[in-house]
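As written, the chain order gives the labels A, B, C and D, with residue 1 at the start of each chain.
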Amino acid sequence: MAETASAVRVGIIGANGYSGIELLRTLSLHPHVHITYVAGSRDADGGLLAEQPFLRTLTAPAHTHDGASLAALKVQQFDPDVCAAACDVAFVGLPSGSAGQVAAALYERGLRVIDLSGDLRLPAEAYRTWYGRDPVPDAVLGAAVYGLTEWRRASIATAQLLSNPGCYATATLLALLPAVRAGLNRPGAPIVVDAKSGVSGAGRKAVQSNLLGELAENFYPYKVGRHQHTPEIEQMLDPDGGVRISLTTQLLPVARGILSACHVMLERPVTVEEVYQFYQDCYAAEPFVHVLPPGQVPQLKHVRGSNHCDIAIAVDERTGLLQVFSVIDNLQKGAAGQAVQNFNVMHGFAETEGLWAQPMYP
Amino acid sequence: MAETASAVRVGIIGANGYSGIELLRTLSLHPHVHITYVAGSRDADGGLLAEQPFLRTLTAPAHTHDGASLAALKVQQFDPDVCAAACDVAFVGLPSGSAGQVAAALYERGLRVIDLSGDLRLPAEAYRTWYGRDPVPDAVLGAAVYGLTEWRRASIATAQLLSNPGCYATATLLALLPAVRAGLNRPGAPIVVDAKSGVSGAGRKAVQSNLLGELAENFYPYKVGRHQHTPEIEQMLDPDGGVRISLTTQLLPVARGILSACHVMLERPVTVEEVYQFYQDCYAAEPFVHVLPPGQVPQLKHVRGSNHCDIAIAVDERTGLLQVFSVIDNLQKGAAGQAVQNFNVMHGFAETEGLWAQPMYP
Amino acid sequence: MAETASAVRVGIIGANGYSGIELLRTLSLHPHVHITYVAGSRDADGGLLAEQPFLRTLTAPAHTHDGASLAALKVQQFDPDVCAAACDVAFVGLPSGSAGQVAAALYERGLRVIDLSGDLRLPAEAYRTWYGRDPVPDAVLGAAVYGLTEWRRASIATAQLLSNPGCYATATLLALLPAVRAGLNRPGAPIVVDAKSGVSGAGRKAVQSNLLGELAENFYPYKVGRHQHTPEIEQMLDPDGGVRISLTTQLLPVARGILSACHVMLERPVTVEEVYQFYQDCYAAEPFVHVLPPGQVPQLKHVRGSNHCDIAIAVDERTGLLQVFSVIDNLQKGAAGQAVQNFNVMHGFAETEGLWAQPMYP
Amino acid sequence: MAETASAVRVGIIGANGYSGIELLRTLSLHPHVHITYVAGSRDADGGLLAEQPFLRTLTAPAHTHDGASLAALKVQQFDPDVCAAACDVAFVGLPSGSAGQVAAALYERGLRVIDLSGDLRLPAEAYRTWYGRDPVPDAVLGAAVYGLTEWRRASIATAQLLSNPGCYATATLLALLPAVRAGLNRPGAPIVVDAKSGVSGAGRKAVQSNLLGELAENFYPYKVGRHQHTPEIEQMLDPDGGVRISLTTQLLPVARGILSACHVMLERPVTVEEVYQFYQDCYAAEPFVHVLPPGQVPQLKHVRGSNHCDIAIAVDERTGLLQVFSVIDNLQKGAAGQAVQNFNVMHGFAETEGLWAQPMYP
């Protein structure tokens, strides 16, 4: 797996967070990537591998094409000029609030930027409402392309500034877009999205409520009625604002994974076979989206550690509801994996490049 | 805590299953109970405590009033005549399908019977449809009182045959009954119930899909659109069949606990404060049902190991939905705990007798 | 369960930590206790129950003898004079380092004090070495009685200042003391103690390494060769310093529980039956310590949520090793439970008072 | 990643078990492998992917070189002649007891065989003692090469019949061999090996004691003093029988991972730096074995999902003990991963081929 001449010089900002770690894991095996810059917020006397012992194995001879150089990398304090000099593309894996400014600074310096935060996903006014702070300047916001890969390939291919979708948004949109585009949902009736996520979605910051002692054997809803992925989903379902969702987010006592259960009032009677066939047609050519035959259900662990999304359909004739269930790994298809998928689209690489990992089961 | 003169002689059928174990744990501390008969399906050469080492501690001197006699009990092959001779009351903790016949046999022998299965909860026709087999005879079925304690005390007090509610049904009904009785739900619109349960609800039988290797870090829906607690909930919400629910059941990678998220289309605009006050009024006198102030959310682990139920209310003005979240321990308020609560009502004991356990946190 | 005339007025310092919560859970059901003072380090505008929602259920009418008064309690900023005025006995559930001074202040004000920290367990010099800071004054240290209940009842009964044993120390000492006192261990050969604990032993402070995302599906040793419970165990095994242990502590991805595996070089050949009989004789009258028959093994979950300790014996003839395995719940027998047990001994109550809880299984 | 002309035709026997699944996951990405035969014990009307939904994604176009053909594979009832016709090499992932006969039948038909069971690891007499049944014929047993890769490369390269080491044995031997070969251990003193494993090591069979309800929040020892990996470790440490280990195996409530804690009485005083340097020299060229600097500890999750082994050293001067801790993923380096590593050695491929996966963290 020799490094190709066309290797892209890649920087990762936020290498100590869960998205950053996942980017390192994934990109270290990408045949067209040369990681040349890593920035993180923590003390960084040691090199990258001392900071992240679970990546230590990258130093193994012949283990990967740039193991040696990666081992030599230092986690730096972020500096936009240093980053711009070292990279062709930057992945920004910082929390919303600080990510947008970093992305803007790099965008303005001419880099192609893939931002994993929520800072570039909403129009200015909606951002203020749902995030409770000011957005980045309009010029930057206006340049951002929303990167739900399967539904936006043309725009992604030429984007300089890519806004990677939220984890809940990815799972929910992949589940709902076919139905809504086909007009299966009853106009005016809200779609109930009851979603559940592993705790890595909350980041790696030390917070009492995310201790294992608190979360083990636990489960509960949070941000009820006010999760910031709500408008992101609604605008993608219908830019004209014609679809309302009620998004309930809940915390699972697991590290990874999102299951989104979408309950849709049907506009007209349909059979599960019809809907299945329709979804199947919609996603048949997709390498990462899989529609399960009626009667099967998606499991969190069937996609864990991979960039895949499994979707299942049910129609409840008693109540006139269509139910669509989707599962993703929140750090892969919900963050780093989709970011790499978008990177591949942006560079004309095969979309599965670097993303071959099978789900880890058990 | 000396055994009172009025001690009731109690038998437990199905002592090797999770409900049976929980009944033993709970009843062994009940001041008015003398456990005189224990039956189970497994090999039973040894006594009760050899079978259930986690109950071994009952043999401790002075640990509980009847430790000595309990230690001497054998797990017997069930025999209705032996049971009837030994007990005043029998708790039947067997799987649906076999429980009904056992309950019927004991009922016919004049015992008061508390059945934890689904065999006595539905009218004959609905039972055939949802359980796929024939119910017990009409005379037995007709005698069964549905034991959702907080809403059925008068009938429970005089019941000879008590049908203990299902775990999902208990969590969901305690959450929905105030709203539905008050007419807050829009007529004709189905109520979406997205419920999640720990795996002890599936029993203790060796099943590959319930191995820790399969379930750890996993989560998924099951029995989509056909969970047998659906009609049990609907008939209690409205005996005339005017309310339809779509019940989705999902498996959490935890041993205990149910969270039921109920999404209700509102018939008219209401504020969360109004609904909260209404629920608060409804349950203010209840020792085991607690309505959380707006903004708080219920957590599985806040009720684990106890007979309590926490309920939270949210109103989403954007979508016109009322959301009610409830949590219970499926083996306590969802099974053995509520069974003991009903036992207390049936015998005129204080309703909290034997059920003082605080939730176990962390 | 009416409150008796002889109710002891009890204060709990550190009510927001795991030991403090467990003390509240346990003492709220104790028939001879009136909780009159609660102090904690966190913001405390609301009452006790708003701080600890999992204790909310104490407000239930008739649920417990002092539910009403407990609901009215505020979590206060600790003040030794206020505490001394309000209480007869204080339980100190603070981290080592701050606990000792609080215990000293209350001791000097004449209260009986039960300290759950490590601050009073070692002689001054050993404390300096293993804890890396100065101990409390000699007068205070000298007054402290080490409260391993089963082996120190006489001293405990009259103690004014009680030093509750460490969690690892409790599990290990109950496993080793019979063997060492009988001289089964080979003199000069170190005893290998390979112990494992749930994460609640590390407290409730927000620490990145204790996040569920880090610990789920994880396991590792920590403080290798320098855990501060080492000297506490050695001095109790042999005050003359004749026994050396190598204590290895490891972190289990569970909330509660300690298993201590003790590997002892035998001084002379013995059979497992001999050792079992000897242990059985040693602990036969104990309500909380249970010696399992040869061939059985202790399980963490067989004691979870209870004050019990299960011990199993094995003799490996191939290697001449005696193996003793013990399990406790680190928050019960390893902290709050043993503290209450000592409280009972100190006040002449039945030793099991308030500690009837069965292990929670599953 | 085009399939090379030199692709080896590979069969997998036992494709429904955890080792079989892991072999499929790993080999499906191996550039020199063509999976041509899959046998399993379960009902197999559907194809391979219907049986193992978490492998479904192999059907993705371009996802892997032989996705299409793999999707078309059926899980067959094992037949040695059909297998021999279809394959060059067979991996046998069956339980001990049945694996040996299958391996023998294929060996006799001229295939190169990699057996993951314990059936070929011990001399006949030791096998009878520790496994309690008769071994395969001497001719077969004599041909088997024990495949602890790092210590047996020369023999492995030419082996026709490869006996893959046990999971506990792999972790323990990698930890102990450098010390024992250097004579650091005191002659005559047993080495205490206190090992812990995730439950996937127990296989995928439905067994009550391995249900999540039983194991969650649990931990306990099993097969104390009689684990069958004991003689496998001893014979590799010293073929002359001069080293005795006491192996204690314990069950962690996680799916994957083994940590082996080895406690060695030192023959002479050494410093941790000396031992570290010695281990470092021993494993410096190894792609999969990593010796951590003194003061660091290995974590289960730092190797999960990868073929790596992390080793840490401690010297306890107080007790004269050397402690060596090692972690592996029991399904990778402890089973399927090492099997593929051996496959690579047997075929002259780069040893890391197909084994590039980074550990999955978090």
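As a working rule, contacts are C-beta pairs under 8 Å (C-beta built on N, C-alpha and C of every residue); 3 or more make two chains touch, one makes a residue touch a chain.
What you see is a predicted model; the values in this text were computed from it and never measured.
Novice: Touching both chain C and chain D, which chains are there?
Specialist: Common neighbours, chain C/chain D: A, B.
Novice: Between A-D and B-D, which chain pair shares more contacting C-beta pairs?
Specialist: A-D
Novice: So which chain is the furthest away from chain B, centre to centre on CA atoms?
Specialist: If we average the C-alpha coordinates per chain, D ends up farthest from chain B.
Novice: Starting from the mean Cα coordinates of chain A and chain D, work out the distance between those two points in Å.
Specialist: 34
Novice: Just give me the whole-number Å value for how far the CA centre of chain A lies from that of chain B.
Specialist: Measuring from centre to centre gives 40 Å for this pair.
Novice: Between chain B and chain D, what's the gap in Å when you average each chain's C-alpha atoms?
Specialist: 45
Novice: Give the residues of chain A that touch two or more other chains, as numbers and ranges in rising order.
Specialist: Within chain A, residues 18, 198, 200, 204, 213-214, 216-217, 253-256, 299, 301, 362 contact more than one other chain.
Novice: Which part of chain D faces chain C closely enough to touch in the complex?
Specialist: Of all residues in chain D, those touching chain C are 189-190, 192, 194, 196, 198, 213-214, 216-222, 224-225, 244-246, 248, 250, 252-257, 259, 261, 263, 265, 297-301, 304, 312, 314-316, 318-321, 323, 325, 327, 362.
Novice: Provide the residue numbers of chain D that touch chain B in the complex, in ascending order.
Specialist: Listed in rising order, the residues are 18, 198-200, 202, 204-208, 210-217, 253-255.
Novice: With touch defined as at the start, can you tell me which chain C residues reach chain B in the complex?
Specialist: Per the stated touch rule, the residues are 1, 18, 21, 25, 28-29, 52-58, 60-64, 200, 204, 216-217, 255-256, 285-288, 290, 292, 296, 299, 301-303, 305-306, 308, 310, 331, 350, 352, 356-362.
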